[in-house]
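Each structure below is given as structure tokens.
Here come two complexes built around chain A, the first alongside chain B, the second alongside chain C.
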Partner chain A sequence: MTDLLPIVALSLKTALAATLLILPPGVWLGWLLARRNFPGKTLLEGLVNIPLVLPPVVTGYALLFALSPASPAGRFLENHLGLQIAFAWPGAVLAAAVVSFPLLVRAVRVAVSSVSPGLEEAASVLNAPAWAVWLQITLPLSAHGILGGMLLAFARALGEFGATIVLASNIPARTQTIPLAIFTFLNQPGGEAHIWPLVLFSLILAYASLLLNEVLIRRIHHA
Partner chain B sequence: MLRARLSYRQGDLHLDVQLTLPRGFTALFGSSGAGKTTLLNLLAGLRLPDQGEIYLGDETLFSDSTGKHLPPHRRGIGYVFQEARLFPHLTVLGNLHFGWKRLPAGQRPFAPEQIIDLTGIGNLLDRRPISLSGGEKQRVAIARALLAGPRFLLLDEPLSALDVPARIGFLNLLTTIHRTLNLPMLYVSHDIHSVMGWAEQVLLMEKGKIVATGSPREILPRMMRAHPPGEAVVPNLLRATVVSLENGTEVDAQGLGLILPGGSGLPGEKILVEIDASNIILATEKPLNLSARNLIAGKIAQIQDGEDQSLVWVNAGPELAVSLLPSTVREMGLQVGQAVFLIIKASAIRCYGNR
Partner chain C sequence: MAGAKPHTPFWGIAFLAILTLVLPHCDKAPSPLRVYAAASLSGVLPQFIDAFRTGNRQVRIETVYGASSVLARQIEAGAPADVFLSADQDWMAFLDSLALIRPLSRREICRNRLAVVCAPGNPLNIRETGDLLRAGEGQIALGDWHHVPLGKYAHQALQRAGLWQQLLPRFVPAVNARAAYTYIWQGHLPVGIVYASDFSPDRMHLTGFPLADSLQPHISYPGALLRQTRHPEAEAFLTFLSEPDRDSLWVENGFLPAGPPHD
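Here is the complex of A and B:
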């Protein structure tokens, strides 16, 4: 049992890092899609949502192709920033981030759309420049929805398997998150004993995230 | 003074106006779809005109020739919207402080206490907007706009959601604000009641254009035409003081003695008196033995002919409008300068508190 704790901790750490990594671009893109019209908006929407429908293994392979040590981008990151993506923990974070990104963007978009543009106009005629309107009106009024999106993204990142195993591989103590560990134990004789606690833990965490998300959505409707 | 020349096209609406707003209390009158709200949005900077200029005093707010356009937060134009648009996540006090705290300390023309007192919202400060009534929301909205230190105030039909006493109370408040703070205002209305007796000047807007500018009385026949036939009720609004309660409620209405139903106020109390022009009977000879309590002698000052009703303005101290059928005016042979008598039942006079 105690040897499972590092796996759980690594999973939580990976999912949290992935969620924080996508938060700034996710909020920006969600706002952009909710509030602005521009040429190519539909194409951008499609691009953001691709990981939602693409087999995660394909997403992982695309990332590996783009960022492996053999690729120019991968070489650049490794030589200049000392950052190894493929077959390393940052790869696990990136894989989880990419697949959970559309969930966050969707939630932010819905949350920002629910804030009446009339309130933003009212703020702007009350001496507030655009950044203040965003920080003091739009953001607080959509915070519950954004938080709900973060929970969904976090839960999705915890469960990420396909893209992770392709991009980051299944390296114990480095990239082996809960789903990868379950996969490994399944292929080991006598491994089932370790599987159940992990399954139970995944279930509890996923269900808790969804419940909390539901609570947040309800608070929006009551506000 | 606010001056603008604007051209703006959106869907079916083609707005093309040229206007000069003096430092007064001006009403923008027009039926729905005339482009009133769009004009306000252009002045406030929430929409950009296709062409034109906007000047406030000697400052250029917008000019297509120089490419200059100040964003809304730098225009110094206050805006009270039709729906109050209070921020739901802030208390009333938080709403009031929103624009005020963004002004540099030396440029805040009013103290919150002064405005809170003026608008009578001192008991609401800790409340959330969701718990306020329509009238309370509008009072908070106007206080919030004033505290942001505007040099000109726009109001977009802030009265449409209010019942009659609340509407009168709000117009009274606007008049007080206008006089106390010397703040020029433009308020949108599609209702003659909110213009007659209140506005100093009226801009009449039709299909995206300002088609007439003048005093409320000058514009009145055209405002009546904007209403469906038979629905244009012209009010006479008088500011009055209660004199005695011996005989109903006797008031002095700008020099004219009137008798109202009992219980309309206490001696010395200032009230507002409203008489619909269609509730006044006109006679060319003095009637005897009348049951109506108010018999007023006067002289015809002006006759405004209309399509389905004509207005006869009678000088009886203040001038009162009497609404008659155009055929009645002809048959009675009414002329300007003629001595006439007005008959008004006490029960046909409405009164409102004048806070």
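Here is the complex of A and C:
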């Protein structure tokens, strides 16, 4: 049981890092899709949502192909920034981030759309600069929705398997998150004893995230 | 509303759905021989199947490849296999202990050796096993040593060489032997420990060398019939794989033929 704690801790750390990583671009893109019309918007929407429907293994392979030590981008990151993505912890974060990104963007988009544009316009009429309108009107009013999106993304990141095992492999103590550990234990005779605590923990965390997300959504509708 | 017109899409979709459920059961052809085989056999087994089928055109053979551990656990869970070919004796013994194989059918079909294989251009300039140490930070591909036979064998060999602990932080465990080999073949990782049989067919752009004899673990591939099999060709196929006539085919593909009992 005690040897399972590092696995749980690594999973939480990875999912949290992934969620924080996608927060700025996710909020910006969600707002952009909710509030702006521009040529190529449908195309962008499709691109954002692709990881939602693509087999995660494909997402992982695409990332590995683009960022492996053998690729120009991978070499650049490693030589100039000292950042190793493939077969390392940043790879686990990136895989989880890409796969959960669309969930966050969709939630932010819905949340921002639910804010009445009239309030924003009123603030603008009163000469508030754009950033102030965003910070004092749009953001507070859509905060519940954004938080809900973060929870969903976090829960998805916690469960990420396919893209992670391809991009980051299953390295104990570095990229072996809960789902990968369960996979390894499943393939060992007598591994079941380790599986149940992990399964239980995943279930509780996933259910708590969904429940909290539901509560937040209800608050939006009551607001 | 949907029921008002007979040609609503709903009925078309329902019809297709029923068809997909029913059609597979209308198949009159004899059921296929289902062979669950270690991933490291995926290069060579199709040749054996072709050879076997020249003598028996009727038989259809379906193969499922994966780490022996993954396959053994699937069989334990009730996967419909007729023949199991494992890359190590442990996983076969595991199924034997659960009374899932026919013990008398169990036999060695071939043997293998471990090799160090280097990515195209040998970026770390590795010439012998000891060079793995001075190769610095480069990561090393091998099978996941918790369950994949390739990884367990590599563990034994590197333990024997006194290198395991020092190299441990640099290992990248792969889900099966082919995956470990693919990491290197595609250049994602600079070096790995794989089966000698894995890099023999296309070694033109890869370099590598077998581990020293003193480090080689005893790598023995057992085959057995599953207790549940009713397939009339299962026994013949397993026998075909292990007959002395087939030794040359194993050797051509970088394996060693089955031999007298070890130790």
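Keep this in mind: the second predicted complex is superposed on the first by the 223 of 223 C-alpha atoms of A that agree within 3 Å, B and C clash if a C-alpha of one lies under 4 Å from a C-alpha of the other, contacts with A are read in each partner's own complex, and residues count from 1 in each chain.
The rule we apply is simple: a residue touches a chain if its C-beta (ideal position, glycine included) is under 8 Å from a C-beta of that chain, and two chains touch if they have at least 3 such contacts.
Predicted model, so just to flag it, every value in this text is computed and none were measured.
When both complexes are superposed on chain A, chain B and chain C sit side by side without a clash. Using the contact criterion defined above for the overlaid structures, shared-chain residue A:Thr184 touches chain C, although it does not reach chain B.
Looking at the shared chain after the overlay, A:Val125 reaches chain B, while chain C stays out of its contact range. Looking at the shared chain after the overlay, A:Leu141 reaches chain B, while chain C stays out of its contact range.
Shared-chain residue A:Ile165: touches chain C; no touch with chain B. When the two complexes are laid on top of each other via chain A, the two nearest Cα atoms from chain B and chain C are 37 angstrom apart. Of the residues of chain A, not a single one touches chain B in one of the two structures and chain C in the other. Remark: chain A residues 64, 68-70, 86-87, 165, 169-172, 184, 186-189 touch chain C in the complex. Across the complex, chain B is touched by residues 116, 118-119, 121-130, 132, 136-137, 140-141, 223 of chain A. Those residues of chain C whose C-beta lies close enough to touch chain A in the complex are 67, 69-70, 73, 94, 119, 139, 144, 146-148, 171-175, 186-190.
Within the complex formed with chain A, the residues of chain B that make contact are 44-46, 71-73, 75, 77-79, 81, 83, 85, 87-89, 98-99, 102-103, 144-145, 148-149.
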